[in-house]
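Questions regarding the structure given below will be posed in turn.
Labels for the chains are A, B, C and D, by order of writing; each one numbers its residues from 1.
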């Protein structure tokens, strides 16, 4: 991979809060990580999960609860949320990978509905109001994540931003490594030709399950990050619309590309925030993008670029 | 002749193997014995159950009744991957390659299995580079060395089959199951694959389903003729081709 | 050089987002403009009773005020929170941080209201809630900058509950939306039912947005209760009422009582189905000359009569602007102090006042749906049966758990 | 909780009433899935569209045609709505789904998901989300019937009856007639069917149109009972998916029977623990998946 590209992106990420509204930037990072984690499953294992919001939102609730009600420090909260999502991923994955293709998608969707129900009913979730007023707390018990640094007259939440950015880099790094690992090679083989991978002696289910757990844990990490940024965990985070959105982000950017999901997430989140005034038309626009993507643009824009340049991005 | 007792040197044996699909018997009471070191051909008219037998042997299908023994061990209840780990490797009727990977990666995925790194998602795939030499050697042996970096999906059909054999060989199988290795090929490709199979058979056993009787005649030590899921005849090419039942049921129709 | 292209794609995404970013300085009117944000449900289940209409109300108020306060322009912006607390909170945060928004109104739906009000407290910005019902907003979730303007579950439950029990509806069965709002509505109502010697014989909790209420209705019917109380809102209430009619419930002595109903719901149901029902409202367009005059102007713009949320948003905005003018600054502390000492009197409220806990106390009305034969027009739906003074309707400060209330 | 015979029977009837909607919708999904191998996510939106055809036909069509007292009556709507929506389905199949046939079936799911968002979004923009009442219920079907154990709305009796007729009629056509045998053969081996001189692409298109027509039919049936709202379908479709997973999408009869059964299970949950009634089907799904991964009526993979 091109070292300069990564360095440029890193620099962009480090400087972004001075140019872009930091909270928005952090939202982008959360969804970029979410989409990248989802893509580990769809793009590199060939499994379409239609219930990934369960991990994203589930972790947000767990992190929020632990930080708010039990006073955990934010880094431990994120860790707990990530582990929880991984565990949940293990349960959902074990059930879902018994089925393939379309059935897999429907089973994950339905299981995610149960998580939605729990998020509505469990005593600590705040029902339809969600878990609100989650404190950002002291990182490692030392650094106040609420601290704003005034730059050119504008107070910027730099401590929080760099914490989130660091988490994003960590998560994205794990995904990148997993894709380019011996494990990732087998995943690609399974995606390309599952019966053949099986006949070569690979226990396909086990690989799928590990990929599922990894993907859900990292999706959970993204959810935990979002919960610290917005200080709330809500039913939106676990709803099937969110599951659909992450599919769209990945599809739009490019399934099975390293940068595609992040770029797709940036585009969708930006669109949503720019188009709040068009009201319900946003749903129509999102739906339209879906249709166009599926019909003419299946590689996504990063994927199409990669094809033009004959490189994998 | 390696030995007097055929059972002692039987690498694969099925006893009363049957498979029913909703009342329709695809395979009935099949007693098949494959001798170590042989190239054993499974032939028969369309719908005779050859591919079903393959799927049963590799556990892509679960037998309704009967047992399968490999090297004297009962493998009837094992998973496809476990059977592969024992050294029974199959090919498919439709070419079984990984179209999105390069030929080199295709072979390397097979080599990788023995390295015990396959679950390591935290390691860089650069550690797989050490397998490249062996992968190249295997590609070389099937004449694909100069195409090692191509896009597999865009290779010609015959080359895909060759790649498939290289991938299978990478696993050093004890028993190779080849499902119609020359199906849909031009004469030139057929000759090349025939030679490849011959070459691959050194030191191992091969069970193949094949339609092309010329290939069967060239390669097979022993032939089992299936009809409607049951054995019709068995023996060398010379024996089988003289069998009047076979002539009628299969050869007749095949040559007609 | 593929890397160039994909980083270009990323930076293009980034650039798209930089629009509208600037640094806020300080002034008497901070940053030289008074900006009012209307954050409400513009597309979801409550969009007909709030939605664009709420923004219309706010814009009318700004126009009536003259478009300027203390010589500085007043700007109204709106956004759809889609009934999602996370969207509401994100939008409000952006507005406070970037858009110099001084006050947010609307906030239909308690989850959204709680999130934005909390944020307003943290950022020292005023929130004037005209849409949400939860009493929590003036109790545990109170902030020095929060105002709850129109109604709450306490007032709804108390006025309706008392009125029904006093006219003989002693035994109740609740069909309750299974979430905080529904439960608090049920809780508040049963309290007053029991206080007046009535009893609650049972209740059933249904998931939000249920399509089929027949099972719950039959359970209610089987309970033998005189009153079936609907502690839900919007589409759920409408469906329940329609299906009750379908099953012939309400014909044999049993009576349906909706605890939160808007004019628009009645319109959707039709008088035929809804006639005779009683409920509580904070406003009705056809109350007197002043309300009718306002409603007429509102209708000319929005093509519908104002609901209590929409009328409330007008009144809240108008009084907010008056308070700025009186205080001579838009400093939130000064404006809040002014608002809490002002007499709130306009077409919406008669001598209303904003209490220390942020509750705007004003008259509430017990409404009854007209018979089709009594209706003289498309919007002639209701009559006011009883006016209940604010002090009687709303939760007294002695019961409040608001931290600002000294006990 | 003690349940009298009366309570049980009433809940059976109500459950059946919910169940017939699940049955018709999952039947449509099964028919489409069988021939096109597509999970038709837009099914819920088309169900909603069917209800709107009835609603708008009754309220708006007359004024639109300049004849304010013209109402498209209920019976006509039962025919017109499936035709209109079916035609839309044909359009969708011909212009979009067809182009995806050579790709992974998941793209079909994603495409129809996008279409569902579009249709729902457009309707949300123009119509009241909390629902509009449909006033076109025919006089003959008004009032209640005394079933002995309860008073049951006559209209719902009709809904149950006609739905069962449509469901079993569809089953009969597909499983017992020549046309059906072509359909079934088409799913197994399209080449072979082509060899019989059957226009397979046309058959696929018409099947899709029929499947979504069923959804529209259910929408018209639902209009007088439930509020007609832009979100009525999206709430339904996820549950119907679970029904389909439980049933196994293996057979037409499977989807009908599962739909009816689960409607009743849901009905009983409303009495025992109502808050779980929205989720009980998903729980059943988990259990079924653990015990029979292919679903109750599914073929083993």
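Some notes on this structure:
In this section, contacts are C-beta pairs under 8 Å (C-beta built on N, C-alpha and C of every residue); 3 or more make two chains touch, one makes a residue touch a chain.
Please read all numbers here as calculations on a predicted model, not as lab measurements.
Of all the chains, the one whose CA centre sits at the greatest distance from that of subunit D is B. Located most centrally within the structure is A, per distance between chain CA means and the overall CA mean. Our note on geometry: subunit B versus subunit D, Cα centroid distance of 47 Å, whole angstroms. A separation of 33 Å divides the Cα centre of subunit A from that of subunit D. Each chain gets one centre point, the mean of its Cα atoms, and the points for subunit A and subunit C are 35 Å apart. As a whole-number value, the distance joining the C-alpha centres of subunit B and subunit C reads 72 Å. In subunit A, the residues touching two or more other chains are 279-280, 283. Each of residues 43, 47, 178 in subunit C touches at least two other chains. Those residues of subunit B in touch with two or more other chains do not exist in this structure.
Under the stated contact rule, the graph of chain-to-chain touches falls outside the line, ring, star and complete shapes. Every pair of chains meeting the touch criterion is listed here: A-B, A-C, A-D, C-D. Against subunit A, in their complex, subunit C makes its touches with residues 1-7, 9-11, 13-14, 16-19, 21, 23-25, 42-43, 47, 78-80, 84-87, 89-91, 93-94, 97-98, 110-111, 114-115, 118, 178-181, 208. Chain contact summary for the complex, subunit B toward subunit A: residues 58, 60, 79-81, 84-85, 89-92, 96-101, 105, 108-110, 112-113, 115, 117-125, 127-128, 167, 171. Residues 43-48, 178, 204-207, 209-212, 214-216, 218-219, 222, 234-235, 238-239, 242-243, 246-248, 264-265, 268-270, 273 of subunit C touch subunit D in their complex. Of all the residues in subunit D, the ones that touch subunit C in their complex are 7, 10-11, 14, 17-18, 124-125, 128-133, 135, 143-144, 150-153, 155-156, 225-227, 229, 231-232, 235-236, 267, 270-271, 274-275, 277-279. In the complex of the two chains, the subunit A residues touching subunit D come out as 48, 50, 95, 98-103, 105-107, 109-111, 113-114, 117, 121, 240, 244, 247, 251, 279-291, 293-295, 298.
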